[in-house]
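After this come two complexes, each holding subunit A, first together with subunit B and then together with subunit C.
== the complex of A and B ==
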């Protein structure tokens, strides 16, 4: 009774183990109440692969991880990542990738039309933008990130 | 996500009788670099004056590999510490305070949470807050839906006499609310199983909306205010009047 906002995957009949009762994880996912908007956003912007990477990071990298006890995925990094993703225009031809840094930050990267790297690392308090084409690199407080992206990555 | 249009009352009761609250839970989810194996010990050092030894909860018998691979287990507690009036439950990414037995009132819960926040700070394992939540589960005998200002409709007619379980997720200022209404539950109350309905309301904030040690208690206060406004706002006034409401 002490679980707040539990998730409950909805499963299709082909995955039922015993009649219509218990079932194994299926092909249909019911989002945690209140999470649907975030899940829809990442699916629409980064596709199934990006969505899967995020699920993997949040599930498997919550504690110290790796040989050097790297930091767990930062919840605030996720918040900034999602608020930025909502306004970010990633070129259609790009194939964005998600990474988890040793500091527990989410990093979003893709290649521009000329094949040059675009990278955004979302930290808990500050974020970094790197544009290979301009040799530009900057670290800004998270509140200033939207302005920086508008200036450097116009739609 | 949209908000829900909930009627505003000019005055919110401080008490109703009988008290329908089955359980009140204050919870914070977090990340930490500290291995799970030492977390119970770190917390117990801080709370042993008021709480008993850690007791394993069922999930602890599963291997860590299985627990980590199953998303449903991520925020489940693995041990509990029992005190005379409250339980503290701890998992690798969650800690919660819940009422035991009769509802002790918000002042008592707030005071205990205030004490616990300092103990968690002293334990030193809390890395970064991920989610702050408050959940109140209320139980009523019989079908609660006719007494609510929210109900399911089929072809313009209210649905009555069938088992109903519904979940609504909506925004309430900064909070995300998740309301579960069910008119077909069995509840263990004082050792007796009783059939009826639940009004189960969870209010939560995401990582960017709170700092546990800085404003966590204030955020719980806000959650409690919203909880009362939503709960009483959704009761039919005629039904509320049968619950002997008391006002300050």
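== the complex of A and C ==
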């Protein structure tokens, strides 16, 4: 008997938000320590949509994926993403988007009050900040990211 | 020999780079090097949908959401005119056995330049059939 049931085909992040659809066979999952805290954090900062995107990346992009066997979601990228998210002030009117890059990094993006892009890519060793309003683009070691965000994205 | 500037190319926009809830695209669609595209002169847009479905939906939970198209000459103008770091961009043919129209943009594209390209991308939605 298979322990791991196959994931249902053609599901997107909306699948993880639907409470009304037919239930699909679940995979056996090990919950990591601190997962509940991460779930609370992402729900409070990015809402159900952000939570659904994160679950989608974790569950569907854990192996090689795409036409060029792109990299799986990086655990280190997730760590940096969550530690940053805990202190990040995203404007209330903003609707944040969450992406997965081909390097397996989480990318968080939203638009400022003037509709200009704010983007942060969380890498394993370095992270990248882009501010369209200033034409600013910088890559810094992860240990310097909090300072850069405090300087460039004041509350 | 690079693809002629008069040609158009298509780029697959999949669910990892397209947030359905916000309708926003990731800059990583073009950021980096060796960006995969398809030449519309060899495979027209209506046939590119099937081609991309076959090529990029791996695993099947990764779905093709949109296709972005652009003229090669316009891509080159955007690259040359990008003030922070003017970049000479090319599209190089890279035919694959089951993907004859495949080509790549080999040059490294910065996040700022990727955003500039995305702003001018024509985004197509698949017709329900």
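Operating definition for what follows: the second predicted complex is superposed on the first by the 121 of 155 C-alpha atoms of A that agree within 3 Å, B and C clash if a C-alpha of one lies under 4 Å from a C-alpha of the other, contacts with A are read in each partner's own complex, and residues count from 1 in each chain.
Definition applied: a residue touches a chain if its C-beta (ideal position, glycine included) is under 8 Å from a C-beta of that chain, and two chains touch if they have at least 3 such contacts.
Because the structure is a prediction, the values reported are computed rather than measured.
Colleague: Applying the document's definition of touch, where does A:72 land relative to subunit B and subunit C: first, second, both, or neither?
Modeller: first
Colleague: Look at the residues of subunit A and decide whether subunit B or subunit C touches more of them.
Modeller: C
Colleague: Looking at A:124, would you say it contacts subunit B, subunit C, both, or neither? Reply first, second, both or neither.
Modeller: first
Colleague: Could you tell me if A:104 is touching subunit B, subunit C, both of them or neither one (first, second, both, neither)?
Modeller: After superposition on chain A, A:104 lies in contact with subunit B alone.
Colleague: Once the shared chain is lined up, is A:60 touching subunit B (first), subunit C (second), both, or neither of them?
Modeller: both
Colleague: Pick out the shared contact residues on subunit A: the ones touching subunit B in one complex and subunit C in the other.
Modeller: 7, 59-60, 63
Colleague: Which residues of subunit C touch subunit A in their complex?
Modeller: Subunit C residues touching subunit A: 14-17, 19-22, 24, 26-28, 31-32, 36, 55-56, 58-63, 83-84, 110-112, 115.
Colleague: Over in the complex, which subunit B residues touch subunit A? Could you list them?
Modeller: 1, 22-23, 25, 27, 31-36, 68-69, 71-72, 74-77, 87, 89, 92-93, 96, 98, 127-131, 133-135, 137, 167-169, 176-178, 202, 204, 206-208
Colleague: Residues of subunit A touching subunit C in their complex?
Modeller: Checking each residue of subunit A against subunit C gives 7, 9-14, 49, 53, 56-57, 59-61, 63, 65-68, 95-103, 107, 109, 117, 119, 121, 128, 130, 132, 135, 137.
Colleague: Within the complex, which stretch of subunit A touches subunit B?
Modeller: Spelled out, the residues of subunit A in touch with subunit B are 1-7, 33-34, 36-37, 55, 59-60, 62-64, 69, 71-76, 78-80, 83, 104, 124.
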